[in-house]
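Order as written gives the chain letters A, B, C, D and E; numbering starts at 1 within each chain.
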Amino acid sequence: MSPAAKDRLIAVVSPVVALVMLFGLWELVIKVRNIKELILPAPSDILIQAWRTRGTLMEYVMFTGKEAMVGLVAAVCVSLFLAMLIHGNETLSSLGAGLAGAGRALPTIVLYPVVTVFLGTTSTAVIVIIAITLVPLLFGYVLTGLTMRSDLDDLMHVAGADGWQKFSLVRVPMALPYIVTGLRTALPLAVISAIVAEYFGGSTHTLGAFIRLQAGQLHTLDLWAAIVFACLLGVLAFVVGDLLERAALRRRGDSPVLL
Amino acid sequence: MADAGAALAAPPHGGVGSVAKPATSGAAASRSRRITAAWGRALLYALLFVLAICALWELAKVVTQTNDQLMPHSWDIVKQLGEPATRGETWFQYLAGNWVITLRNALVGFAVGSLGGLLLGIAIARNRLVGAALLPITTLMQTIPIVAIGPALVLFLGTGWVTKAFIAAFLTFFPVTVATAKGIAQTSSDSVDLMRVCAAGPLQTLVKMQLPSALPMIFVGLETAAGMAVIGAIVAELPFGTKDGLGATILTSWQFYTIEPTPLYLAAVASCALGAFVVFSVRAVRTLIPAAETQGSTR
Amino acid sequence: GSSDESVGADGKPLTKVRLNLSWVDQAEYAGWYVADKKGYFEEEGIDIEITPGGPDVNTMQILEAGTVDIAMNSYGAQLAAREQGADLVTIAPAFERAANILVYFADKPELADPKNWKGKKVSLWGGWNATFAATLGKNGLSLDDVEVSNQSFDMTNFVKEGVDLADAMVYNEWAQAISGADGRELAFYDYNKAGTATLEQNLVAKREYIEKNPELIKGFLKASMKGWMDVREDPDLGVKTTLEIGTALPEKFQDWQVNEINKMIWPSTAGLFAVTDEIWKQNESILYENEVIKKPVDHDAAVDMSFRDEVAKELEAEGFDLTGADFKPKEIDPYTYFKD
Amino acid sequence: MSQSTVTTPPAAVVSPPVGLAARGVNRAFTVKGKELVALQDVDLEIAKGEFVSIIGPSGCGKSTLLRIFADLLPVTSGTPVVDGVTPQLAREDRRLGVVFQSANLMPWRSVLRNVALPLEVMGRSKAGREKTAAELLKMVGLEGYEKHLPRQLSGGMQQRVAIARALSTDPKVLLMDEPFGALDEITRERLNQELMEIWARLNPTVLFITHSIPEAVYLSNRVVVMAARPGRVVEVVDVDLPQPRTPEMRDAPEFHAIEARIRHLLATGGH
Amino acid sequence: MSQSTVTTPPAAVVSPPVGLAARGVNRAFTVKGKELVALQDVDLEIAKGEFVSIIGPSGCGKSTLLRIFADLLPVTSGTPVVDGVTPQLAREDRRLGVVFQSANLMPWRSVLRNVALPLEVMGRSKAGREKTAAELLKMVGLEGYEKHLPRQLSGGMQQRVAIARALSTDPKVLLMDEPFGALDEITRERLNQELMEIWARLNPTVLFITHSIPEAVYLSNRVVVMAARPGRVVEVVDVDLPQPRTPEMRDAPEFHAIEARIRHLLATGGH
């Protein structure tokens, strides 16, 4: 076997083996220690239940996914707008970068009660929370990207380009890897934020609310089945983000920005 | 997710006018100056941030014509700090006490999670098989909505501070793991070759070269993790039954919001201050470690 | 396990007993705080540890996991847990009366009749409530006919008319809603009057624990009952002790709440920590007939009042008044009391 | 402005044909409160069509001077002249082309579209600019690579693209900052040769910064030797070798003599 | 192993004193399924104490050869010899020093502690290794900079530190991969001079990779000219200039003759 093929095999087989081992261990502990379903169900039962209720759960996944997407899009728009507004000014940019850094340190989920005060425990509140969580992150990436300097700026200057040409022909394409990396980072975060926010209130036709409902009713199997779907949604977000980044960067042979 | 982007203060390609620093003789003096500057900047940002939020708040209040019950004036929220809480202490003292408790939970979780992340990160970076097996799983773990398995955690760890610290650790773990693995993997191959030519063993290469080289990256991860640890500690206090901590303060003041709205805002602000404090502390620690401050090795 | 031992003030060894409340710390639990403060638990050889509950603390699950020894919850929740295979036993109902109501704005009088709830928005804690489900069932509706949402921790959403009906306790959220309603008049649907109310604050323990520690159970009940009788005699002590717990509770609110809680208990028809057989039967049929639980209740397996009855006898012998027949609550109007 | 153009001929017409000139140019930077003199009293006259190289130690202000000519940096005092006018006018009139050490191509654009960039900025039609770009690519020997992405090209080829791009607006003045600094010796000499041919054909004024003495000597009519701290011109060395240059000249004693002279100036800073 | 040492003298003793040798060395890489011959049948003998440079176009396998000698890369076939033994033995016995194009200093360590790194790895005591490091820093002309951090030094100074570090274990063989490639001409010539002096003093076997023809000629006893695709040795040029070399020699006709010869070999690939 060629080394490359061997690498690919390892990349696929080893996580599968590790996962199977993990679930096997879990199953074993449940069986050996005779742990009641009320406390922690066995993975096999969870998977069966997840499959059985996939119809309803998929409905919730769609709804939660939609909330996450709307929140993300809102955050992207706000971030782009703000960054575009200030990227030309050095003082404002460094101030903005500092604030974005500080903003990322804030546990935005604690603003949930405050947001519900204004918007009620609605889907909108969930979306706003997601957006508040993501804006500092995305804004930071976009701003960093837009304020990147290179010889290309000088080149454009010498070529007599105007402000808009410099922005659209150099700034935006230069910022693209940062924007894409920001998106990649924000995607799974949007999903997690959505579920957490839903959990504390909001429409019941969502994963977070369903999880809470099942917990309240002691339906542990349904609870864990919903968690499985929540993880699937998270993984989906992760994979989509990863593919997006790869696709965007492959086009130009760049490597991802690590921030 | 090395979303770890909190390192925005230092764009990777050195932003505007990256000119090599001229040689300074007093390294110690410049370092202490740098640290003071860093803290000064942090405080300035915090102040600006708070002022900006207050201004926006008042503006929104005027524009939407919202009453004082829903949207108390920012100065009334500040005034609440001096009002007595239930045991005779002021709200400031009451918040401070709970702030410290949540800080402790967050720090314990942060410490445990960081250590775990560091070890796993090393394992992943140094062993291809381990990396291939564990990286996807840690990624998967990260997608678990921790609030959802919270109730199950309570069953094993109780409703005490251990659960809170555990959740903080769980959220800390992932960014540190990824940052460590990436940091080590990114050590310049020349540096690793150098160690090999010196006939250094794997452990020496790790300790003397790879880990210090990875430190800037690790600190990016630690900064993200610090924020996550605080989020974890607070969120863990929200639904799992606890008397103390900012999460409990949020819950009680939330419950009585329609009667007295200001405490909820105070609790939220205190939580944000805690997040900022922990993250900036990590940044401060970074400025104390030469290897963490310098990116990569010299050209 | 209950083997944790410590030593009391007088050198007597104490055994740790962990009690999980059904909600966050507030005057609702004044009796236990007072009993702890006055040393009644210590007298019984108990080192009590009281942990609060909350909207997402599932006390029955925690109890089954062995994280606590005694937990509070509604009868419906206990029976649901029993159906899941957990052998949990009620050792006493703490409050004789039920306090759960559904609030709505008085200018929507049609909401007084459950038949008109079809298509309305209702918010419930945890998105589910056995009593509510039973009430729907009784009126020929099901959960699918109403739009249920999770009720968060405050009443703002209701006040802003995000929903038509909202879960409330008469001793808590009812006043919150009034405060937030900005002078608009409120009304509530009373499960008691509708005949679908069920017991809300039962003290529950694992059978295994009860069988191993009968003395602890008795000691716990005795101290608790003494605490509640103190609160009846001296409501201000209840308020003061609750505030000392240290949560950020508005004093006036706790003052009102203690009075309302006393009304849940006193005067006591069957004596403190007990209800009549009729109430038990009524509860069990409401829950079963409205399909909140699937099988008829085996009362003797779910409830064991023997400890309480023994303790009651002892207390009466010591001259304690377990009925509070002449209890007179204060008259406090929540519409005006919190305004200043 | 427009009035003076009508009544008297512009300055550029009365003075001798100036390709590039620095007259008493000074430039200082303030770094952390301290004044750093990057250029001190630089006087330089380069005739139209001349090829002049600058050589000097790192930090002597070579790039600073070039950036002043490119209107990327203002002077502290003195007068820079580009193609008879101010750098700003020259730039706005698109009489300038620049090439930097890194090819600085847009990695997301094809080679052709990279070369066409300045024309795109000028607003030239798509068809027109692509035709010009294709011709330029042919000139730098990259016919057939139009659709390639920059990363599919070697370093030397990328630098050729950068040169083609700089030439696209048919500039009167070409400013090159160590364009071949990152290439290996052989590629470098080959590109030197090509640059010579392009210069002979289009005859722009060229200011060429390099660290390589043979390269400077081989390419230039004159070599400006600079020294650092403060950045200044030490001497301008004439290269009296026949045009066009041929590779054999590199082995000629005259060549070595000029090399030696420059090496000496560099080592001593003119003292 | 130890037994054979006792009964028969090791191979290195019977053969002539070999500093570095490649005997029929081949090295191929598989890149995207395709075989890429980086080194083909390389035969090379370098005596102990000799200074040999390698020059050749980018990608001709210079670094690959050096990495094989440094035991950083195995051969596909053939025998590399380092100081009379296998690369692995030589490395484990700490007879090797390497310098790369980037100084590769640890930015968080002082200059002194950077130089002392290999000794620290060896387990030498702190006092002992810092004494050696200080002496080496003096030798490379960096006395007084012991406590500085790398970033406070210029590029040339950083490269001096890297050389001091490579010398710290008193290696028999010094492998240098374009150590001065990133420096400007003047700094480079100064460092060439210093390297000459160090070599004269310590007399290690040196394999020096460069892209600069004058540098290769100036420094070496012999210059190995390589060609690419497949990577191979074209010719080994003897540099018959007296030792020690002096800066004036750069202007001597003999020097230029050798330069011209190498330039020719590079341009034609030996044909």
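The rule is simple: a contact is a pair of C-beta atoms (placed from the backbone, for glycine too) under 8 Å apart; a residue touches a chain by one contact, two chains touch by 3 or more.
Keep in mind that what you see is a predicted model, and the values were worked out from it rather than measured.
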item	value
Shared chain contacts [chain B and chain D, defined touch]	A, E
Centroid-based (C-alpha) most distant chain relative to chain E	C
Longest centre-to-centre distance from chain D, chain (CA-based)	C
Whole-Å gap separating chain B and chain C, where each centre is the average of the chain's CA atoms	39
CA centroid of chain C to CA centroid of chain E, Å	83
Centroid spacing, where centroids are CA-atom means, of chain A and chain E in whole angstrom	50
CA centroid of chain A to CA centroid of chain B, Å	18
Sites on chain C at which at least two other chains make contact	56, 58, 61, 65, 152-154, 156
Where chain A touches two or more other chains at once, by residue number	39, 113, 117, 200, 215, 220
For chain E, residues that touch 2 or more chains besides their own	155
Parts of chain B lying in touch with chain E, wherever the complex brings them together	20-24, 27, 188, 190-191, 193-200, 204, 208-209, 212-213, 215, 289-299
For the chain D and chain A complex, residues of the former touching the latter	67, 70-72, 91-92, 94, 96-98, 100, 102, 104, 106-108, 117-118, 120-122, 149, 151, 169
In the complex, chain A residues that touch chain B	10-11, 14-15, 17-19, 22, 39-40, 90, 95, 97-107, 109-111, 113-114, 117-118, 137, 140-141, 143-144, 147-149, 182, 185-186, 188-189, 191-192, 195-196, 199-200, 207-208, 211, 215, 220, 223, 226-227, 230-231, 233-235, 237-238, 257-259
List of chain A residues in touch with chain D within their complex	150-152, 154-161, 165, 169-170, 173, 176, 251-254
Chain A partner contacts - residues on chain C that touch it in the complex	56, 58, 60-61, 64-65, 77, 80-81, 84-86, 123, 125-128, 148-154, 156-157, 160, 162
